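In the two complexes that follow, chain A is the common piece, with chain B as its partner first and chain C second.
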Partner chain A sequence: MAAPRSCGLWRYCCRGWSRAAGDCRLPGFHRSWPGATPSARLLSQEKRAAETHFGFETVSEEEKGGKVYQVFESVARKYDVMNDMMSLGIHRAWKDLLIRKMHPLPGTQLLDVAGGTGDIAFRFLSYVQAQHQRKQRRQLRTQQNLSWEEIAKKYQNEEDPLGGSLVTVCDINREMLKVGKQKALDQGHTAGLAWVLGDAEELPFDDNQFDVYTIAFGIRNVTHIDRALQEAHRVLKPGGRFLCLEFSQVNDPLISRLYDLYSFQVIPVIGEVIAGDWKSYQYLVESIRKFPNQEEFKEMIEDAGFQKVTFENLTTGIVAIHSGFKL
Partner chain B sequence: MLSATCRRLVPALRGPRTPSAVAGRYLLAPGVRSFADQSDRAEEPRTFHPALLRFLVCPLSKKPLRYEASTNELINEELGIAYPIIDGIPNMIPQAARTIRQNKKQEEVEQH
Partner chain C sequence: MVTLLLRSLRPHRSLPLRLPLVVDVPFRAGSHGPRLLYPGHIPTTSLQKMLLAAGSAGMALYNPYRHDMVAVLGETTGYCTLKFLRDQMKKDPEGAQILQERPRISLSTLDLSKLRSLPEGSLGREYLRFLDVNRVSPDTRAPTRFVDDEELAYVIQRYREVHDMLHTLLGMPTNMLGEIVVKWFEAVQTALPMCILGALFGPIRLRAQNLQVLFSELIPWAIQNGRRAPCVLNLYYERRWEQSLTALRDELGISPPPKHIQGLA
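Moving on, here comes the complex of A and B:
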């Protein structure tokens, strides 16, 4: 009896908390109120039913989280197949571009939020490994006249092929994480990977911990985007980089028309045929249209405290990579 | 005869010294040793990545957490809540956390 009640209480507390914080728009809100107890948070709860959008539907903020969870729970198993089908495999190129833009060196600490299926994480690990090998090769070339002792020593010291890099994958959806963990086993990625179930709006990480924060095709599903951006800013080290890959607005009128036709007429059909789930894919398409355009999103990132914010359109703006620094 | 005993000894010595690569990684970390033994046998490591303890905090108070090996939970003493670790993934959603009662009497009162 006590357990469900306390559960409900927690839900009540945090919703009020995140809403209050969102309204305040203070970057260091948590810090400015360190002694906040659950009871204090209860007081901050407002009786206002804030509304947000779930695709083209208008729902209360409380509802949105649950609905998004259902969508991704439902699509998790077919996520990769569907991504390939819907984007004709282009999503792989977009993700590769994100990593190339990041250009992580061995030792980079990455937080990949909403990265349940590990697409960014595995690419990151492969890239870092390749960088490390290249570095070793370069070192060898400069040391041509090694004594046999030095050569033997080189073989004895088994170096970490990642140079201390760690990618932490944080996703709110258990099903997506399950799929990702299984994929990691299948692809043989064991080192340098950590999985955490967590909320982008309330990250369970200490301040100033990561060199890079990525969120790929995830931020439009977050209820309070401003809150997620503030959290990204908090967990990044000074000098750390925020990188976001997300669907954006197509500017070319002709391509926009074709894209709309494809999105609304074809994608839900593919969703129904492949995954047996029309509604989830209709939501995905609608949520893309509801997401702020390149310039608006750039401003939101700046509002969260990031500097040198830029964006780059990929495939005529179907997706965009936004980048910002915590300086 | 000496060589025969040596031959018998070698695999016995090698056995525990060369666990799988995955388990080896966890063995380096203090505090999770008992779980590393289990993960040696299991195909998938049951425990979470030890490096997480360095920067994982309570999402509500943003304070460090204590790992409790007996219950496999991450505990926030101040707020009295415990975050479960399921299949090696710490569940850091406050709604999923368990509240711990410091006072047993209080618990009895609530149950009745």
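Moving on, here comes the complex of A and C:
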């Protein structure tokens, strides 16, 4: 892997240069402005430091948010179709695995950030409903010698098929939320859903509110990943779990080459043919390459205050699920 | 196909992918940077062009309202033909002027009030009528993106903007039938692979009664006129607004359209 200093540089980039102004750890910066006074150096560091990556482009941090917003605004309507086409339907298995790993019990309060079209939220609701039904059936089985009337009454009394579970879907993009709400209606999910427009770096929720925080394929689009992780830590209850499903690095060299070939040659073409949008999908595959690998992201999560951080590779590392606890 | 794959894999071996600040994935088609030949240019590899051509052809057949797919098909398959067309344009005096001055037909360059004031039967007035009746606008043409030569990108852009002129010249409406007739004319005139494919496969989407008229009258008429007329890309339409449409048709050798088309589709 890369040498320690370049590792630090890489982490630097990913954190959006947010510490560049005050942090004099890197000797390189001192050397590049030898004659400047400290205050001027600070200013020029800050100005240069407000840059980040948008795919392989370099943009200012203010710009990145707007550009990402435009990308998702334009892909929102074809988002699910494109996901199926690009991953050949495998993204459904990934999301199912995330929920299975979460193993939510009825009564869980879930916050799904960047969850626009609701894939995770709907799976959560179905899972929790199935769990609740199983719990009910188990309870009934343990109670012996119940008459039919009593059993029927038990089922009729059931007011909340979800057992108190609630999922809050938070997304910064109005179009994605619109698509999600429409999907909820189409699929018949009426209860247990809340849709909130919000920024992952500044969540509109109080501290210690949620049992589980998930972010699926969203965190690489955030300008300041460290801030998003800190917000995740803040809104989780003590004992709460952080789960992140995201594209990651493939270690096997042959699969990596095939994956790159597929990503850069085929995916923008599919984007153009199906959604009429080459550039958004070019951004998507580039942003995957810019995201830190499994180990580095794990360290970032630990830095935000999470404990027992682990990750699990899916599909040879194309996707990874990172998990951490607020203890 | 395999050699293309191998060729794209080979340079990859020499570049590590995990350099922190400078990342250069070799076969990424750079959508920003010094390799852009004109605004809106997206450089593509041959593999991408092949996939685009196949995908856009399929999508255009599946959903004929995806005009952008027809445009992409034209751009990805037309490189050699565009070169030939450009050379032809250079040989003709009017065509050479067009290549030099690069006029564009769009709502911003057209003087609509002046066109409306022209006498009935003039090219400008009839063109405007065509736009109004069919409720189309010259601005809906997608800009060229996948042609890897700046002059050829203009040639295909000009071809697209002239397409509406051809509708006016041939008197064809913008429904499926009219579009196919114009495609046949263009296929004979320009030999662009996209026109040929469109002409051959477009009729798949037509109803039987239209097919009958198409094959018996419209296609032979389109082919005849296509062969007789000189290259339509060589006409400087912006200078001919006042010219009467019938006079222009006579000049090009285009006979009046069959009357049947008016009542169909």
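Structure notes:
Keep this in mind: the second predicted complex is superposed on the first by the 269 of 327 C-alpha atoms of A that agree within 3 Å, B and C clash if a C-alpha of one lies under 4 Å from a C-alpha of the other, contacts with A are read in each partner's own complex, and residues count from 1 in each chain.
Here is the rule we use: contacts are C-beta pairs under 8 Å (C-beta built on N, C-alpha and C of every residue); 3 or more make two chains touch, one makes a residue touch a chain.
Bear in mind the structure is a predicted one, so any value in this text is a computation, not a measurement.
Contacts of A:Tyr69 after superposition: neither chain B nor chain C is touched. In the superposed pair of complexes, A:Ile270 makes contact with chain C only, with no contact to chain B. Contacts of A:Leu185 after superposition on the shared chain: chain B is touched, whereas chain C is not. In the superposition on chain A, A:Glu286 makes contact with chain C only, not with chain B.
Using the contact criterion defined above for the overlaid structures, shared-chain residue A:Asp260 touches chain C, although it does not reach chain B.
Of the two partner chains placed around the shared chain by superposition, neither chain B nor chain C is touched by A:Phe325. Residues 1-2, 6-7, 10, 13 of chain A lie at the contact with chain B in one complex and at the contact with chain C in the other. Within the complex formed with chain A, the chain B residues making contact are 21-22, 25, 43-44, 48-49, 51-52, 55-62, 64, 79, 81, 83, 86-99, 107, 110-111.
Taken together, the chain A residues at the contact with chain C in this complex read 1-2, 6-7, 9-10, 13, 56-57, 249, 256-257, 260-261, 264-266, 268-270, 272-274, 276, 278-279, 282, 285-286, 289-290, 293. Within the complex, the chain A residues that touch chain B are 1-3, 6-7, 10-11, 13-14, 17, 30, 36-38, 166, 168, 172, 174, 177-178, 181, 185, 190-191, 193-199, 202-207, 209. Residues 5, 8-9, 12, 17-21, 23, 25, 27-32, 42, 45, 47-48, 51-52, 55-56, 58-59, 66, 68-69, 72, 145 of chain C are the ones touching chain A in the complex.
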